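Pasting a structure here, questions to come.
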Amino acid sequence: MSEKTYLQALNEALRQEMERDENVFILGEDVGQFGGCFGVTQGLFEQFGEDRVMDTPITESAIVGAATGAAASGLRPVAELMFVDFIGVSMDQLFNQAAKMRFMFGGKTTVPMTLRMPQGAGIGAAAQHSQCLESWFMNIPGLKVAIPSSPYDAKGLLISAIRDDNPVVFLEHKLLYGASGEVPDESYTIEIGKADIKREGGDVTIVATAQMVYAALEAAEKLKADGIEAEVVDPRCLLPLDKDTILESVKKTHALVVAHEAVQFAGPGAEIAAMVAEEALDYLDAPVKRVGAPFCPVPFSPPLEQFYIPDADNIIEAVKSLR
Amino acid sequence: MALSKKTLIHMYETMNRIRLFEQKLQEFFAAGEIPGFVHLYLGEEAVATGACSTLTDADMITSTHRGHGHLLAKGGDLKLMMAEIFGRATGYCKGKGGSMHIADLDLGILGANGIVGGGGPLAVGAALAAKYRKSEDVAICFFGDGASNQGTTQESLNMASAWKLPLVFVNENNGYGISCPQCKSMAVVDIADRAAAYDMPGVVVDGNDVLAVHEAVEEAVKRARRGEGPSLIECKTYRWRGHFEGDACTYRCTEELEEWMAKDPIPRFEAKLIESKTLTKKEAEKIKKRIAKAVDEAVDFAKESPMPPASALMDDVYA
Amino acid sequence: MSEKTYLQALNEALRQEMERDENVFILGEDVGQFGGCFGVTQGLFEQFGEDRVMDTPITESAIVGAATGAAASGLRPVAELMFVDFIGVSMDQLFNQAAKMRFMFGGKTTVPMTLRMPQGAGIGAAAQHSQCLESWFMNIPGLKVAIPSSPYDAKGLLISAIRDDNPVVFLEHKLLYGASGEVPDESYTIEIGKADIKREGGDVTIVATAQMVYAALEAAEKLKADGIEAEVVDPRCLLPLDKDTILESVKKTHALVVAHEAVQFAGPGAEIAAMVAEEALDYLDAPVKRVGAPFCPVPFSPPLEQFYIPDADNIIEAVKSLR
Amino acid sequence: MALSKKTLIHMYETMNRIRLFEQKLQEFFAAGEIPGFVHLYLGEEAVATGACSTLTDADMITSTHRGHGHLLAKGGDLKLMMAEIFGRATGYCKGKGGSMHIADLDLGILGANGIVGGGGPLAVGAALAAKYRKSEDVAICFFGDGASNQGTTQESLNMASAWKLPLVFVNENNGYGISCPQCKSMAVVDIADRAAAYDMPGVVVDGNDVLAVHEAVEEAVKRARRGEGPSLIECKTYRWRGHFEGDACTYRCTEELEEWMAKDPIPRFEAKLIESKTLTKKEAEKIKKRIAKAVDEAVDFAKESPMPPASALMDDVYA
């Protein structure tokens, strides 16, 4: 166990899985010598060579499709899109091919591929390089969706994703690459679809994902001063969604705030809020509240971008509005 | 004809198997017994047959919406296919896929595909896997003239050539993408000319001549097995029926159809076989009868099979 | 005013707008002499010629992008994707280009284009030709999303979509093309973002879209026998969503069922249910209920497909479960 | 040189405007005063300048992530650009777009683009609009070597040629897509060879020779105005800086860079102008000084401009 960054944790997961299983390989733009746009694949090209760490042309359909076809042929590709925003040119291979193949073929194949994609705003990259698109992926039967917040979760979930026999969309928030925390040196897995309670509390449940987990924890500390004990639930995966953990928490706290960076309208929080309104309405002492980005593209200018991204204050405000 | 008698007869059988299978589908679709879309391959049998006759079970193919011919040529089981197209629980996909999604991984069939151009990237993946494993296996990607314009197809041609993958792109140029004639969807006349854009060999063959198809694909397959990379073979052919069953086909003229029907690949091949004494007229009739019987049995199998139960709906969404 | 089918209503809308404004033109696969895969553009090629009714190659990115570029250049294209399922190869041009262009350019352009796409199951077309993807489009700032159920709404909304200066995703349910109803012969518009109450009732609000409006009306008739008066609200557009009409209805009936054919998990109903749980929780006498497709691809075999598609019985069951 | 003195001087000014503008950006990015990604065009100035010198304001262009050169060559305003890149409310996009999304529809600039290959389909739309209106306007689509593989680009080449649109595809082949050398991303050496796949003219030119670029694009533009359809011009060039500012550029060797820096398009053009007595050394210096001053003024303008207020966030999402 030692202190590692989220980026190092991901890198270690890739390295260990590639050492363990020679069917695991990496493909994507600039993932080789360059080490990936954000550095996640650094050193892997040197260790495993160009046959297992493949730089691709800038053709995302071919990347996702090649990973899908190779997975159906028995390999375990880990594909990287440089930004999740580029899924638009390759969505078909993900949702009509990878996700549906097993079902359409009557169970005749597995598609053990992982698709890593950095998400999120915060670096001034503007409207086409800053999005959070997880709600699209949640709506695709056949996929799994992981969205880790901590270095520990990042490593364990990535290893699980690689070993999973289904296509797993693995969403990394680019602002989290530098976040650090305790991460075991050895290989370990975290069950895909299992939430984690990042902070216990009895007064309100805050379900938060990715870097909003940190905002939620910050909010919780501040709320403590006002005598409000918030429970912070990190689903860690959005598909499958760990309904039980969320419901259990809401049944204890009787109040729910959902926080994510994705656009709020029809965003990932809509499902969580709707699910609770269906299954635990009688436990709610106040309306459900969602904290998400406003309904506009991500703006470039830093002050506007900061205003755009939800933060701890927005969460605090949401919690206080419940009273 | 340097091919063995066994191979030649097998090709002849395959073409007839496709023909009779599809004529049955035409009949049952008209009778309202087949649900959904059915895209018939009638008239194009020589392409799939010639191309797949170069492959082993370990080689992979990706197919299209017009996939029955490819699947049968790659060894697809008549009964399992028929049952699937009839939507039965005993079909290849347990009734969940239908005509456009039949697959048999054991035979190297990575699926028909409802998305035009959808198979290209998957074929790249299959070829990549073959290369990754340092095997001598190859993959064939079947795609239409319409599909050749799709970005996914062109990305696949590029990636396969950049990576020297063991992949053969077999273009079935039947002159139309639904109602759109080739001349309206692209400015080039020969799709094979596009191979140069990826520095790979491009060859035009008569797609109604099964031996010509075989020969061209065979060379490309050998090249691929030697690790020299992909090729593009354009097979000029024609579909006899509408785009899908039910299409009145008003966008084509009768003369064009008649001209192509006169080039029916089966009698052409049969005549050659008889001429070369590989086959007698009588043997040919016997083969056709045997296949007709097998097709009928497949229909019986399909019709006697149960529909999938509601309880099966959520199976196989996840592994 | 005369009885017309949904298909005829759409066709009439296109014809009248093309007659009115020479900048309106149509592009798509087989929309010309063939008249469109489902027949919506029949006769337009003959009337307006190939310069205004353009058959395209099978390249959906180029179709959506050409429409976007032409719209930004001052024309009013109406593009057709043969099936909504094909959006996966062209999503980038829709969500990163058409939808964001105005915002990214600081208001320097408008993108008056309409993208028509048939949705839905029911014709045995299997997993890649039967989907309902509206929840993706709802999550894209810059787009509008219309999803008419009746011939009357179809015509009025399509005319409004064509005249709108924003990109409008226009979703037609293929099972509805044959549905008939009264449609004025003259041109008229329906405000985009305005719901319609298809049936009044005081006991439960059923928010339903597209062909599920008919299922909801059927359910309402049957529920009447049990003394339950259902109000059926058809949002007609999902973006912008007419929150006021929905909330007003719920405040009257104190109960909400949301019904759509799209997959339920993270589907369009999630936003509607979440919105009501946020803004009218105190009015609810029972948990919110959603009726949507199960979490699997659309199966081919007719009995399975029928079982898959939500129907009036599912809605009745949902309403009764509220008691 | 058949070009008028005025045109030649204008081209010279444009190249210097791009050069000095970008050197300023480099400086301020290093100082941490520019947010986000900045992709510099240094070394490639001859391409945008030569290409856009053939256009009127009514002609349209689509640009890329590396767009400053295109925008300036098409007449983009220094101040509005600088302010935008600094994220100010007075910028072209009111600070909402930044370097990768600058547009000026009045000048025919349909936007820089953050999506590789994103501009192709939009350029098809612009050219389609020009043809639809029966005008003589044309469009230019700028795209990189990396972008030439993207399916959207290839679909655009096809649609433009199938429809004979007035569109010129100007490929900027600087040898790399980020760290990926051309030889790894495609098997062909000349991207212009891909034109044949769409039956359009394909020409290779020295992208560091502004007159060569002008000449080749001029011919293609004339062809397009005559209604004879699209062309593909490949301009071989090189970027001096890393892919984006901050890229250590370890994937290239110093010799390669030095070789290309020796082919700096500006002194080359300047020497020609002086030799032909179109310009004196002194005039050249004066021009540079004037531009440097204008660039400084643009910086001042940007820095003195306010950031956009939070209240502006929801503006311009919808018309």
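A, B, C and D are the chain letters, set down in written order, and residue numbers restart from 1 in every chain.
Just so we're on the same page, a contact is a pair of C-beta atoms (placed from the backbone, for glycine too) under 8 Å apart; a residue touches a chain by one contact, two chains touch by 3 or more.
Remember, predicted model here, so these are calculated numbers, not experimental data.
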Mind listing the touching groups among the other chains when chain A isn't counted?
-> one piece
Using CA atom averages as chain centres, what separation in Å is found between chain C and chain D?
-> 40
Dist(centroid_CA(chain A), centroid_CA(chain C)) in Å evaluates to 30
What is the distance, in whole Å, between the centres of chain B and chain C, each centre taken as the mean of its C-alpha atoms?
-> 36
Where chain D touches two or more other chains at once, the residues are 93, 95-97, 101, 113-115, 118, 149-152, 155, 158-159, 162, 184-186, 317
Junction residues of chain A, two or more chains touched = 56-57, 59, 61-62, 85-86, 88-89, 92-93, 96, 103-104, 126-128, 141-142, 295-297, 299
Among line, ring, star, complete and other, which best matches the way these chains touch?
-> complete
Would you tell me which residues of chain A are touching chain C in their complex?
-> 61, 85-89, 91-96, 99-100, 103-104, 126-128, 133, 135-136, 138-139, 141-142, 239, 241, 262-263, 265-274, 276-282, 284, 286-290, 295-297, 299
In the complex, the residues of chain D that touch chain A are 35-37, 87-89, 93, 95-98, 100-101, 113-118, 146-147, 149-152, 177-180, 184-186, 250-251, 307-308, 310, 312-314, 317
Once bound in the complex, which stretches of chain A touch chain B?
-> 25, 51, 54, 56-57, 59, 61-62, 64-75, 77, 89, 92-93, 96-97, 101-112, 141-142, 144, 165-166
The answer for chain C against chain B in the complex is residues 29-30, 32-34, 37, 55-59, 61-62, 85-86, 88-89, 123-129, 294-297, 299-304, 307-308
Would you mind writing out the residues of chain B in touch with chain A in their complex?
-> 60, 62, 91-97, 101-105, 110-111, 113-115, 118, 120-130, 132, 151-152, 155-156, 158-159, 162-163, 315-319
